[in-house]
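First chain A sits with chain B, and in the next complex the same chain sits with chain C.
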Partner chain A sequence: MRIRIAHVTAYHYDRPVKAVIQTLRLTPRAHDGQHILAWRVEVDGAARLSPGEDALGNRLHVLSAEGTLDSLGVRVEGEVEMLDTHGVVRGAVERFPETVFLRETPLTAPDEALCAFADAAASRGTRDRLALLHHLLEAIHREMTFDTEPTHAATTAAEAFALRRGVCQDLTHVFLAACRHLGIPARYVSGYFLRGDGVVVQEAGHAWAEAYVPALGWVGFDAANGISPTDAHVRVAIGLDYLGAAPVRGARTGGGAEALSVSLRIEQAAWQTQA
Partner chain B sequence: MLSRTADHLFWTARYLERADFLARILDATTRLTALPASYGRPGNEWESAVASSGCAAGFYALYDGANEYTVRDFLAFSPTNPSSIRNCLSVARNNARAVRTALTIEMWEAINDAWLELRRFDAKAMDREEFARFLEWVKAVSLAFEGSSHRTMLRNDAYWFTRLGTAIERADNTARILDVKYHVLLPATEQVGGSLDYFQWTTILREVSALTAYHWVYRESVKPWLVADLLILNRQMPRSLTSCYETLVRHLDLIAEAYGMRGASQRVASTTLARLTGTRMEDVFQSGLHEFISGFIADNNRLGVTIAEQYLMP
Partner chain C sequence: MATAFDEMTGVPGATEVREAYVTLKRWLETTPRHLLDTRRSQAELFFRRIGITFAVYGEVEASERLIPFDIIPRVLLKREWEILERGLKQRVTALNRFLADIYGPRECLRAGVLPEDLVYRNPCFRLEMAGVKVPHDIYAHIAGIDVVRVDADTFYVLEDNVRTPSGVSYMLENREVMLRLFPELFEEHRVAPVEDYPDALLASLRSVAPAGAGRDPTVVLLTPGQYNSAFYEHSFLADKLGVELVEGPDLFVRDDVVCMRTTEGAKRVDVIYRRIDDDFLDPLVFRPDSVLGVAGLMSAYEAGNVTLANAVGTGVADDKAVYSYMPEIVRFFTGEEPILKNVPTWRCREREALAYVLDRLDELVVKEVNGSGGYGMLIGPHASRQEREQFRRKLRHAPDGFIAQPTLALSTCPTFVAEGMAPRHVDLRPFVLTGADGCRVVPGGLTRVALKEGSLVVNSSQGGGTKDTWVLDA
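Right, the complex of A and B next:
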């Protein structure tokens, strides 16, 4: 399946900004099942963009601008060709052994309730890790409601779980916290999701998790949709949690209040595929 | 476009690239053997020239041992070696003639003139100097062909298949040189940096005409892991494996775009490129240079077969 993505992030500042620096994890890498046909990241204004790579192998750009800026815009446009691999990720860049992804982070630290929930999912009598992960995915998807209202970017897994509500980021954090509590390496994936209901304009990118299954390698689990990633999931960056894989992170000097506007279009491009 | 046409264009480009590569091996080996014997060369450079060319089995069936005369005869002129320079040029010309109308006048003349001129060279009577001139001439033929295709062809599927042939052969050739010489590139425990090693490394660079490029990129003395980096991962180096695969992926994408469908070739090429761009040199050395190169040669052959199945077979 061929997917076209146009993602514009624009900041408007009350007062001119003196300096901005941002790390953009907005460029996907190819792996089996994901081929990048075209991809470009552009900034407007006098900002400088230098490409690089982080420790986990994510492609990143460091955006830096100095002077007096009233606004700043980052535009991402790309087309990718996706194949359904049933969630199994092969041929991706792996810089570390999988056990690195057992590390807990502040955002994914479980509390007692979450631990109990994970243990309950694990006690359903299966010794097969893949089946266990699917139980867990199902349980989280059933237990928690997708709701953009109550949580924000810094909500932890335990907080979101107590509310039983959250966005894809929160559901993914809950999944990661549960996996790591059970001793299964798991990591956060940020990316784009082509919706099945024909809605093209979206409010935000998507997030899901990958857990390590010895016989298969890394396998994706999308807790917000209750499925393993399909050819509608464009995988962009991985991290221990949201902060490690966040599309945009940055700091600035001056500028007063900022207004952020995001425009994101994800649509299927015309393409005949060969059987 | 008929698959037959695509097939002939692909193989014309491949054979000319191979002729160029053989000329480079012979040239570099002649240089290496001109070094004084006191450098204590282990092994025989002519044997490694045969191994790099990938036709060792055919060679030892015909000759007892590898020396300047047998190897030169076999790789440059032998009618029984399907990959000798002479055979490469005439097979390339036969392929080109079959699709004469798909080529531009300049391309056809470059290859037909070469074929006519080939008869002028008398293999038996050739001394070292004349042989060196012959090798220069072979390199000039591929330059003329590739240059004229670049300057005169329409950018359509005919051009793209020509580029695929060149890039896949080039990747194979670079990988073969690395495979034969990988032991001199390994971080060894003894005698690293001796004069012998230095000449071996510069020979590898000369074989792919990358000696000057090396100094531009790294600006330091020749070091084995940097030689490997240049020829495997460096995107700026047109003969590096990564660069060849960028060319393959780009032109396969253009073909898929024009024909409105993607297939196995695009997937195989994209997977290999993703692996090359995601790899760092320390990972290659850690998991074994030889294993990495052998794996690459197998993948590259698989891509050749896949392209043939998808596009070149009627």
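Right, the complex of A and C next:
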């Protein structure tokens, strides 16, 4: 399946900004089942982009701009050919042994309730790690409600779990916290998801998890949708948690208040489209 | 617990005196008490006037206070110091090679010198540093190695501090005060000087400047600001080094180059002696809520356009679980037997060790692997039953987070207390500098003293005091 993505982020400042610096993780890499046909990241004239790579092998751009800016725009456009691998990720860049992904982070530290929840999911009589991970995925999908209201970017796994609510970021953090508590290496994935219901315009990118299964390697688990990723999941960046895979992290000098608008279209591309 | 070795008399309360203290003891016995009392108040006045204070976290009142200074110096003979010095250089060399290895080829992990887990799962092992080349492969430019003595010949390293070790300003100020108050004592002793520490530090920092920095690299000292417990030391050192004392907002990054805002415009910065923790260095890479750091600093660092001292990610080497493997680390990276001893350490992450520790909580010292400053520590023999039970729960809940050690009988040194002169437990933090031309240790260091009778906690955050430390040249 061919997926076309157009993702525009625009910042408007109520007073001119003197300097902006951002790190962008908005460029996917290829791996088995994910073939990049075309990909472009562009910024407004005033800003510069310098490409690089982070510690985990994610494609990175450092955006910087100085002067007096009233606004800033980042445009991402691309087309990707996807194959369903049943969530198994092969051929991706791996810079570290999976043990690294057992590490707890402030966003994924479990509390007693989350540990008890993970232990309960693990005690359902299976010694098979893949089956256990699917139990966990189902349990989170069942227990937690998708809700954009109560959480924010800095909400921890334990906080979201206590609310039993959150967005894909929160559900993914809960999954990571539970996995690591059970001694299973797990990591955060940020990316794009082609909806199955024909809705093209979305409000935000997507996030899911990958957990390590010795016989298979890294396997994806999308807690928000309760499924393993399919050919509808475009994988962009990985991290220990949201912060490591965040599409945009930035800082600026001056500028007062900021208004952010995002326009995101994810659609199935027509076969005849030439990239 | 064995009886402590006394630095002055050997055996506590004995009448004989050890060689290093012969002159000092005579002086203490012949100087009238009222004169000593006067000098003690003068010393305190001096410290108050220069404003050398230390903020203590977790106390509502007296958040800034004077660290008590004791006028009786702690004295080491040159031959004792030489052994220590060799041991310290060997240890810091090994620590630097260890860091270069785990952020590079990871040979020690392949060779099984220590379990991979201890490195990979350690939050202080910074993934961002993997494959980053730092000038001359030096990570710990400034190390504070805490050493304790248990008898005439035996020194143990209690912990390695290779993140942002503090205390060197006290070493320098203590000496200055002693020189002013007791010039006669310095006439009778040939005390090795410590005053050239700032010059040596500056030389080390300049020697690790990036290749593109030119012949006169710009060095700055980056402080978290005046609310940090060690701010006094930051401003003191910047002044002694003759470099700018800057806070995060004074710096910015443009095209992977770090610049400082000055009245004459932007000035390129080559070396940052940073006294802020990794977590706060760059909000784009570490804690996003940090207002103390510089956005983009890590990308300038990774591009090799600026040197940070100490390097990012050194904390993995002074983790207390990694500490327990230091003898193996020293052997692997230097091919020598360790000169300084390691305190025997039970790693609570190991099932049998945990059982042993839980059985002997009343005998052992239990420490958090990531703790410092004497926080998060249980001294079994001195703890209440309630405190021990609290630690028992913590140990059962998260054993990986703890190590345990026997309660060492730290040596004592005569100290002025309310009742007069009495032995109090001491440790020693020598400062080891590493630059392009190798390791250097200024003779002496900071002697910390536990002022409470019988107490083994010397940390200034826990009510410890300090002493001048003398290495006698002859």
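Keep in mind that, in the parts below, the second predicted complex is superposed on the first by the 271 of 275 C-alpha atoms of A that agree within 3 Å, B and C clash if a C-alpha of one lies under 4 Å from a C-alpha of the other, contacts with A are read in each partner's own complex, and residues count from 1 in each chain.
FYI, a residue touches a chain if its C-beta (ideal position, glycine included) is under 8 Å from a C-beta of that chain, and two chains touch if they have at least 3 such contacts.
These figures come from a predicted structure and were not determined experimentally.
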Is the arrangement of chain B and chain C around the shared chain A a clash or a fit after superposition?
fit
Between chain B (first) and chain C (second), which does A:50 come into contact with in this model arrangement: first, second, both, or neither?
second
Would you check which partner chain A:9 touches, where first means chain B only, second means chain C only, and both and neither mean what they say?
neither
Is A:23 in contact with chain B, with chain C, with both, or with neither (first, second, both, neither)?
second
Compare chain B and chain C by how many residues of chain A each one touches, and report the one with more.
C
Touch test for A:253: chain B only (first), chain C only (second), both, or neither?
second
Check the residue A:230 against both partner chains and state whether it touches chain B (first), chain C (second), both, or neither.
neither
In the overlaid three-chain picture, which partner chain does A:154 touch, first (chain B) or second (chain C), both, or neither?
second
With the two complexes superposed on chain A, say which partner A:102 touches: chain B (first), chain C (second), both, or neither.
second
Touch test for A:32: chain B only (first), chain C only (second), both, or neither?
first
Just to be sure I read the superposition right, which of the two partners does A:190 touch: chain B = first, chain C = second, or both, or neither?
neither
Gap in Å between nearest CA atoms once chain C and chain B share a frame through chain A
9
Where chain B and chain C land on the same part of chain A: residues none
Would you pull the chain B residues touching chain A in the complex into a rising list?
253, 260-263, 266-267, 270-271, 273-275, 277-278
Of all residues in chain A, which touch chain B in the complex?
29-32, 35, 37, 57, 81, 83, 91-93, 271-274
Chain C contact footprint on chain A (complex, rising order)
19, 21-23, 48, 50, 52, 54-56, 62, 64, 66, 95-97, 99-100, 102-105, 154, 240, 243, 249-251, 253
Using the touch definition from the top, list the residues of chain C that touch chain A in their complex.
116-117, 120-123, 127-131, 252-256, 283-285, 288-289, 295-296, 299
